[in-house]
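Could you have a look at this structure, given as structure tokens, before my questions?
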Amino acid sequence: MTSKVGIVMGSDSDIPAMQEAEKILKEFGIQTEVRILSAHRTPELAAEFAKSAAKKGIRIIIAGAGMANHLAGAMAAHTVIPVIGVPLEGSSLNGLDALLSTVQMPPGIPVACVAVGKAGAKNAGFLAVQMLALSNKELEKQLVEYRKQAQEVVVEKNKKLQKERE
Amino acid sequence: MTSKVGIVMGSDSDIPAMQEAEKILKEFGIQTEVRILSAHRTPELAAEFAKSAAKKGIRIIIAGAGMANHLAGAMAAHTVIPVIGVPLEGSSLNGLDALLSTVQMPPGIPVACVAVGKAGAKNAGFLAVQMLALSNKELEKQLVEYRKQAQEVVVEKNKKLQKERE
Amino acid sequence: MTSKVGIVMGSDSDIPAMQEAEKILKEFGIQTEVRILSAHRTPELAAEFAKSAAKKGIRIIIAGAGMANHLAGAMAAHTVIPVIGVPLEGSSLNGLDALLSTVQMPPGIPVACVAVGKAGAKNAGFLAVQMLALSNKELEKQLVEYRKQAQEVVVEKNKKLQKERE
Amino acid sequence: MTSKVGIVMGSDSDIPAMQEAEKILKEFGIQTEVRILSAHRTPELAAEFAKSAAKKGIRIIIAGAGMANHLAGAMAAHTVIPVIGVPLEGSSLNGLDALLSTVQMPPGIPVACVAVGKAGAKNAGFLAVQMLALSNKELEKQLVEYRKQAQEVVVEKNKKLQKERE
Amino acid sequence: MTSKVGIVMGSDSDIPAMQEAEKILKEFGIQTEVRILSAHRTPELAAEFAKSAAKKGIRIIIAGAGMANHLAGAMAAHTVIPVIGVPLEGSSLNGLDALLSTVQMPPGIPVACVAVGKAGAKNAGFLAVQMLALSNKELEKQLVEYRKQAQEVVVEKNKKLQKERE
Amino acid sequence: MTSKVGIVMGSDSDIPAMQEAEKILKEFGIQTEVRILSAHRTPELAAEFAKSAAKKGIRIIIAGAGMANHLAGAMAAHTVIPVIGVPLEGSSLNGLDALLSTVQMPPGIPVACVAVGKAGAKNAGFLAVQMLALSNKELEKQLVEYRKQAQEVVVEKNKKLQKERE
Amino acid sequence: MTSKVGIVMGSDSDIPAMQEAEKILKEFGIQTEVRILSAHRTPELAAEFAKSAAKKGIRIIIAGAGMANHLAGAMAAHTVIPVIGVPLEGSSLNGLDALLSTVQMPPGIPVACVAVGKAGAKNAGFLAVQMLALSNKELEKQLVEYRKQAQEVVVEKNKKLQKERE
Amino acid sequence: MTSKVGIVMGSDSDIPAMQEAEKILKEFGIQTEVRILSAHRTPELAAEFAKSAAKKGIRIIIAGAGMANHLAGAMAAHTVIPVIGVPLEGSSLNGLDALLSTVQMPPGIPVACVAVGKAGAKNAGFLAVQMLALSNKELEKQLVEYRKQAQEVVVEKNKKLQKERE
């Protein structure tokens, strides 16, 4: 059974942000299972997804939601596989509500929280790859390679800046 | 079947705050069913409690928790009876985390949020009585009476102050 | 006398947000009485509205305002029927001012606070229906039905997403 | 009729803070009328106080409360004499709730807000004196004198510090 | 010598907001003296303005600035006439910086702080009128009249809403 | 080579909080390597630790610090193994500074952030175990067992509460 | 060897803000060395830049970044020349994240933090000039001159305003 | 004329915090001139101090105050020597008020802001030494030495920890 990463989000309005996670996982050749699931509107489907995830080959769950983000916590409550929470902007409070409701989990049921919004979703993808790479040397190599390229991008941007300054 | 109010809290450390709600309900002669239930550690018991509440004669649920307070939301997700959320202090962030994770519920699944901490728990009790009084003239009278007494307390405190100022 | 829900707001600029509450109540066939009333500019009309609400068949008051939202509190001070407060955006502080001035009510005079802005107004509507359903089996059924449909919407959105991912 | 300053507070627990305002006014020989009045528990007494204040010779009202501080706003809604609001600590949110609910008043009904807590209460006293001094040359002189003394205190503390550093 | 109100602001970018204060004062027939003065860029002109204000017939100073708003405090430090501070938006922090640096004045040197931005500037104008009205019965009448009209506006808006709802 | 988890902290004053992570890891029989390392005072030792961690058998790094918590980010910058960040209280800002500087990582270099303080440190331990359990069935079983016990604790506390209420 | 000021930023998206610093330094005839360097993506280049800065004639480093701004801290950790940190907007949290992660440095490794965004970048330029002027009388004169002109700008804006008011 | 660093603070209650700056400067053999000066109570003495500082051999000013900290800004407005601002706790708002009023300076008049409280005061001392070291090779050496020792302290603490873990 292939390793997969589950990506769940509370609403279809969260797709643009959560696609950032999906893209990163695709770049690393990791299968994803993407679901719209609501901790509040479809609590049983959400619980069911988390409970059956491991059996379906899902190794990690990435959960994104705005406002009072309970989705990541609801996932974490029903499984022992790692859950990464992405707080999304989705109210006038700029994501501070989603951030605090994702990160401030009580002892025993951790959620690995990343930054608010698209940047966080992207990092959720990377973090999932890093976790899978713990038992996959090939992925680890790809990560090292990816970092080199990211570094190279900064170096190139810097070179461009130097030229403009000459 | 007598009307009851369910009071749930995430941990026994929440008892001192949540007792404020219980006391108010007792003053109004309303039966309570108090439970320690965790949205994260006992998600199924929590869901079960909410789902079966109405059948057991529970008309309203009051849910208190600190940090990322998902308990009120988890209750609300599994029942259509009103859920009152009490954000509790329980982290260095002074209850702001619990407040935002209780109040910022997504459309469709409301939680009636009250103030942070003991003051909020007390008001959760009053709010539950007010809801029950919608179909209970006797309770309504008691509420009006209670208000008069609360008013009298302020008046008496003021009189005492006036005497001291003479 | 038919049951009604009062919807009050501090200014006509609050109509777009507060209509969300009105719409929900209409969907459930509940009569509304909508008023522009200011706790500060028309304090006596506001007090009078709250005091006479019960007599006019108003069972619940929903009050929305921005900035220092005192309207919900002013309603609550003059009646023992449940008051739902909707904090609205209306200043540079993104509704945090309205949220704290709505939710942090002192002991004895509760306000049932919902989320900031339109999402909160919508939930205020649902919360009022839930309260009325405590003594109205028909409404309770409608709520259960509504939840099923809301659940179905999420399920459909998810299906659409699955198709796009195939 | 002598000029007086009204000092109102929401609870007797606010006396220690609000006495700071009273002390300053006494130092300037200004009569005060101190009341415990709650915008929520005794709304009509509060409204009545504000409405009749001017007739009783009260020229300025200082209002202090914690949590959702509606007292200053309630005063301001019922009179055109200046109202000074003192946000008090009284919840886990350190007075941020009281500050925002005091200062963010809607256009037309101003409240002159001062700092949170005792420092603010003291300054409320000074501000009231400054307002009265607009039509009282004697008070103005006293204020100038007081400032000189306050300046002298700083100068003396500085001298003491210089000695210790020698 | 006619009574005047000084309006000072830190930059010409503050004119649109601070004009709200000016407009209100004009409506009440009060002369204004409007200045661009910076507590940081022209500290001596600012100090000089405050020090000589009373002699020039200025009875009250309204000071508006964004970011670290020291202008109101700088005014207050150099005069005993009342100073009203208007925190303005002018940074990414939405005026929270200006609010805290305006309102949290140390004991002895009060600033009467109003809401952030245009709404606050407008209220600064009203507050100044209220202070002047303490010794001007005509102004007091105008204020009472203005309040009635403001009340009427709300009543009219409400009527319009009622018609739309018929 | 045995799997180990590295636990690094910025100062010995962080030991009481970070020991919570250590305890959890010990309960699961996982070796730890605990270091005091500062991103600012010993940047090269910190970089060196992160760079050589994988070679020494360290599979995951848990990094805790207060104030501007750069330690987790500094770890993440030098390795592709997962880094868990624990924001600690250590300033008057209650850990909000540490939270935002830990969680708001830029795209490409994720940190898995947990709650502020001891609760977060404990969850960092659990999260590390969950990651290791991805390739260790025995650990996974222990986690499931641990959850059952945690659930049992809640159930027992609830039973005790029920008895007290009888 | 001429004195230079290093300007580093985490990404090319920071150029528009950080150019404000560059412009000021150019106005004062100070050479700059501008680099895109990331504390997280190119940690070794960043460390190397800081370590070799003094040798290359760089006397001061200005570092700007958004989100969790570790760049200024990373610079400060590797050199004893003064480091000025500019927190940039770059997330939904309006720069509060960057501000706290820049300013709340632990004892021993200071960063001189300025305001969020462009205004801060500009002031970083001025601050660098002020530091260089400590041993450069010519620069000091220029600064005094610049201040006079800035003062003149305010005076002119004020004159224009006075004319409009005539 | 020997180089000196001026340390000013708004009140004698700030001495315990500001002494941290003084201690660091003493360790580096730098003369200090310590003053209690208030931007609001003694504005002219404060302005005078800043204006005459350079002539008295003061090369840098460190200014600490709580609440609305205008002292650093007031210093900066009257001199072109570098001013370091230390936001102090001194209100219920935990120093957030002092932080924002210190750091959010408008363009043209920078303040080099450090962390809130004692940690910040200590770093203000270091920052001043770093600035002076720009033209003092001996100081630069001492700083490098100091850093080594600080590094050694971390290394020793780590060793102690390792022993305890054996």
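Note that the chains take the letters A, B, C, D, E, F, G and H in the order they are written out, and that residue 1 is the start of every chain.
In this text, a contact is a pair of C-beta atoms (placed from the backbone, for glycine too) under 8 Å apart; a residue touches a chain by one contact, two chains touch by 3 or more.
These numbers come from a predicted model, not from an experiment.
Chemist: Both subunit B and subunit C are touched by which chains?
Modeler: A, D
Chemist: Report the inter-centroid distance (CA atoms only) between subunit B and subunit F in whole Å.
Modeler: 34
Chemist: Calculate how many whole Å lie between the centre of subunit B and the centre of subunit E, each centre taken as the average of the chain's C-alpha atoms.
Modeler: 42
Chemist: If you average the CA atoms of subunit B and of subunit H, how many Å lie between those two points?
Modeler: That gives a centre separation of 48 Å.
Chemist: Give me the residues of subunit C that touch two or more other chains.
Modeler: Where subunit C meets two or more other chains at a single residue, that happens at 11, 38, 41, 67-68, 91, 93-94, 96, 103-106, 108-109, 115-116, 119, 147, 150.
Chemist: Which two-chain combinations qualify as touching?
Modeler: After working through each pair, the chains in contact turn out to be A-B, A-C, A-F, A-G, B-C, B-D, B-F, C-D, C-E, D-E, D-H, E-G, E-H, F-G, F-H, G-H.
Chemist: Quick check: in the complex, which residue numbers of subunit G touch subunit H?
Modeler: These residues of subunit G touch subunit H: 59-60, 80-82, 84, 99, 103-116, 119, 122-124, 126-127, 130-135, 140, 143-144, 147, 150.
Chemist: For the complex, which residues does subunit F have touching subunit G?
Modeler: 10-11, 38-41, 43-44, 47, 65-70, 73-74, 76-78, 91, 93, 96-98, 100-106, 108-109
Chemist: Which residues of subunit D touch subunit H in their complex?
Modeler: 89, 94-96, 115-117, 119, 147, 150-151, 153-155, 157-158, 160-162, 165
Chemist: Which residues of subunit E touch subunit G once you look at their complex with the stated criterion?
Modeler: Against subunit G, subunit E makes touches at 11-12, 15, 34-38, 41-42, 45, 67-68, 91-94.
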